[in-house]
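Presented sequentially are two complexes of subunit A, the first with subunit B as partner and the second with subunit C.
Moving on to the complex of A and B:
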């Protein structure tokens, strides 16, 4: 476990060094992130200029939700998107051999290998938006305060499991970037609580593509709208999703044929 | 010119036919965001007894369905590709051909719209049924919609090219187009129908080109504005098309001189 943490730190450091070589680019990217977040907050404010409550979510809770959206999306862009893109390329080129031969879990080496450091800015802004939203919520109890990080980590695990399962199809179909594009287009729906969507879309967002759950439930948690049973369901559900996706990945790996094999 | 276009069109259709699944998936991009904001506005309207300003739930549905159709018909993605071509020096062979590169882009966009319109219509009918959309469209509105969406398409296309042409000077067009897209997010009628944007935002959206690209044709298609207002708004569209046409001519002429292919 310690060895893996050390590896992870090493991966992160090399990517950070690489990213810092292009400072102007980094600053521009951060600026873009700020503009994107600010305009999203603006959109929520426009909606709330006509109402005080949206499906039971007041402005404070809604900002918490938007912050969670950027936390989860930022996590996806920080490590999952770059790593999974490289993974699919490895399968296509046959260079996955190099990861498989190393003396560590192949799944770890492949799926947490690359970082897009700028996404940290996205996550930081998400955290700020959550904090601003919390400022409007009268009080946050101990249960909510402890449950929130747990729910958030579960959200990350759900997104991870989903992307892992989707990218596993690369073992059979090679080109699956379309599936990933599908994921990114659905991701946008996470900016509103999953209960505003009509039936078919809500079902898609909470089961097939659990983006709605990954964002909405942590926000519900800290806004005090989730009890221990709900949290329990989330933990068990995301642990199961993680386990099943890992199994599926191992199954796919068996169909992998190396570069010249 | 017509025979050139016919040849380009055939070639482009053949190449698009290879990527059918892709075109269906990418079509989702023009559907998902409107549906997201439609759902949000429906929730807002329901919390206020079903009516916000002149819009009730069924009007919102009609507006966002129209918006989705317009954004599929009018928007184009030149800026992203063009930056890549300039940076990689791939523009050079295109410049040597006897045809201005913009024509390839026109044909690409036409074919893209042809291939996505059928799956898009199916999805939109489904959404219209889900939300029980009500259009107030009269035949006159439909008649006005055709030139209006053509103007919107030209406006989006030309402004996209002006932005893309900036790649001659800086290869960071990506940042510029992000700022442009986010301005469009607020002002073009995506987050709210133009009539519901708070005062100053609404003034900005009609003073700048953004509102004329999506919001105006969508309102005309929905039948949400009177015929006189529609005509006034279309004058605004013509104005911005002319502005961007002139700007494009200028920027392109100076820019091509500036361009030195990477690696040349």
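Moving on to the complex of A and C:
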């Protein structure tokens, strides 16, 4: 475990160095993140100038949710998006072989290998928006405060599991970029609480694209709208998803090593 | 006593490929019902390699070289047969085995394009858990042998193909493997870079005693590096033995080159001595059966006397021998 943490730090550091070399690009990207976040916070504020509650979500809870969305999306862009894109490239070029020849977990080496450091800015902004939203919520209890990071990590795990499962299809079909692009566009829907959507879309967002769960549940947690049982479900559910996705990935890997020439 | 490092017995790999004819109708038919065909990429090969040997693995495209290397490095499961490398079964991919071997592919890179190789080497240090002092020592040695100084600090995308290959070698050997599988390590490189890579491989083998199995399309690589060659064709082993004996066993003839003084080469009838392969200026090249070569040479010298300026008797060039092996269907010859 310590070794993997050290590796993760090393992966992060090398990519950080790389991105720091392109200073102007980095500054522009951070600016863009700020503008995008400010716009969607603005949209929420405009919305709440007409109403005080949206399907049970008041402005404070809504801001927390938006912050969670940026945290989860930022996590996706920080490590998952760049790593999974490279993973599919490796399958196409046959360079995945090198990861399989290393005395370490191939899944780790492939899926958490690349970082897009600028996404940290988005996560930071997300944290700020959560904090601002919390300022409008009367009180946050100990249970909520402890449960929130747990729910957030579960959200990350859910997103990771889904992407892992989707990208596994690359072992058989090689080109699955479109599938991944579809996923990222679904992701956008997560910036509103999943229960404002009509039934069919809610089911899609929460089950097929667990973004609904990954974003909404942590927000519900800190806004005091989730109990211990709900949190328990989330923990068990995301652990199961992570386990199953990893199994599926290894199955795909077996067919890769069984067939490539 | 020498230790057997690579032990391969009756190794086989059969791939299933989908076959279809050309045309839309055939494509649609095959979409519904696929015709599968078994292709024997490796059809039962057996060999052993001792510690410290550098062995050339030869064969035309599609002979099964890369498939064999992939099985030996654990990337592919064989369909049948056994193999043990350093006492490990490769395809179990135990960390202890992966820690001691390397696979280098001339046409694929394991380095990250956007960052300097030095950073990739650091990552590899952590993956292989190489202690700092040992890491520094290896980097120093590889830097010296491969003349890397500047190269490791430039982003990999800025390196030339040859420079990249040198850095690739450093990355592949950073954990001081006991066995190295080199798949076409000099492919696409210019002649002087090929020579430098060859010199490096030879020196590396001498210094570390690592066992090396190398495939290459360039016979020069093999001649420079390997005392022993294993030749496979259509998944079968054709020859396993000293490179020096390959010509003798596989090409049953010698090449006599006679240079004549008076430019009479074009008119002099030499068919009686052997098969005339070429005639140019004053030079005639004859192909003569191995057994009768000494006698024919003596007769030639005797008959031509003072018209003869120079004469040589040689084995055919190694490329020609190999080509002969691959174009003719021969049975297995083991030394």
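The rule is simple: the second predicted complex is superposed on the first by the 257 of 261 C-alpha atoms of A that agree within 3 Å, B and C clash if a C-alpha of one lies under 4 Å from a C-alpha of the other, contacts with A are read in each partner's own complex, and residues count from 1 in each chain.
To be clear about the criterion, a contact is a pair of C-beta atoms (placed from the backbone, for glycine too) under 8 Å apart; a residue touches a chain by one contact, two chains touch by 3 or more.
All of these numbers come straight from a predicted model, not from anything done at the bench.
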{"item": "Joint occupancy of subunit A by subunit B and subunit C, clash or fit", "value": "fit"}
{"item": "Which superposed partner A:188 touches (first subunit B, second subunit C, both, neither)", "value": "first"}
{"item": "Of subunit C and subunit B, partner touching more subunit A residues", "value": "B"}
{"item": "Partner chain(s) touched by A:18 [first = subunit B, second = subunit C, both, neither]", "value": "second"}
{"item": "Which superposed partner A:50 touches (first subunit B, second subunit C, both, neither)", "value": "first"}
{"item": "Which of subunit B and subunit C A:39 touches, first, second, both or neither", "value": "first"}
{"item": "Subunit B versus subunit C as contact partner of A:93, first or second or both or neither", "value": "second"}
{"item": "Three-chain overlay, vertex subunit A: subunit B-subunit C angle, C-alpha, nearest 10 degrees", "value": "100"}
{"item": "Subunit B versus subunit C as contact partner of A:201, first or second or both or neither", "value": "first"}
{"item": "Partner chain(s) touched by A:7 [first = subunit B, second = subunit C, both, neither]", "value": "second"}
{"item": "Lowest C-alpha to C-alpha distance for subunit C against subunit B (Å)", "value": "15"}
{"item": "Subunit A residues contacted in one complex by subunit B, in the other by subunit C", "value": "none"}
{"item": "Contact set on subunit A toward subunit C in their complex", "value": "3, 6-7, 10-11, 14-15, 17-18, 93-95, 97-98, 100-104, 109, 257-261"}
{"item": "Subunit B-facing residues of subunit A, complex", "value": "25, 28-29, 31-32, 35-36, 39, 42-43, 46-47, 49-55, 178, 181-182, 185-186, 188-189, 191-192, 196-198, 200-201"}
{"item": "Touching residues (chain side subunit B, partner subunit A) in the complex", "value": "21-22, 25-26, 28-29, 32-33, 35-37, 39-44, 46-48, 52-53, 130-131, 172, 175, 178-179, 182, 185-186, 191-192, 196-198, 201"}
{"item": "Parts of subunit C lying in touch with subunit A, wherever the complex brings them together", "value": "15, 41, 66-67, 70, 73-77, 91, 93, 95-96, 98-99, 101-103, 105, 108-110, 112, 114-115, 119-120, 122-123, 126-129, 155"}
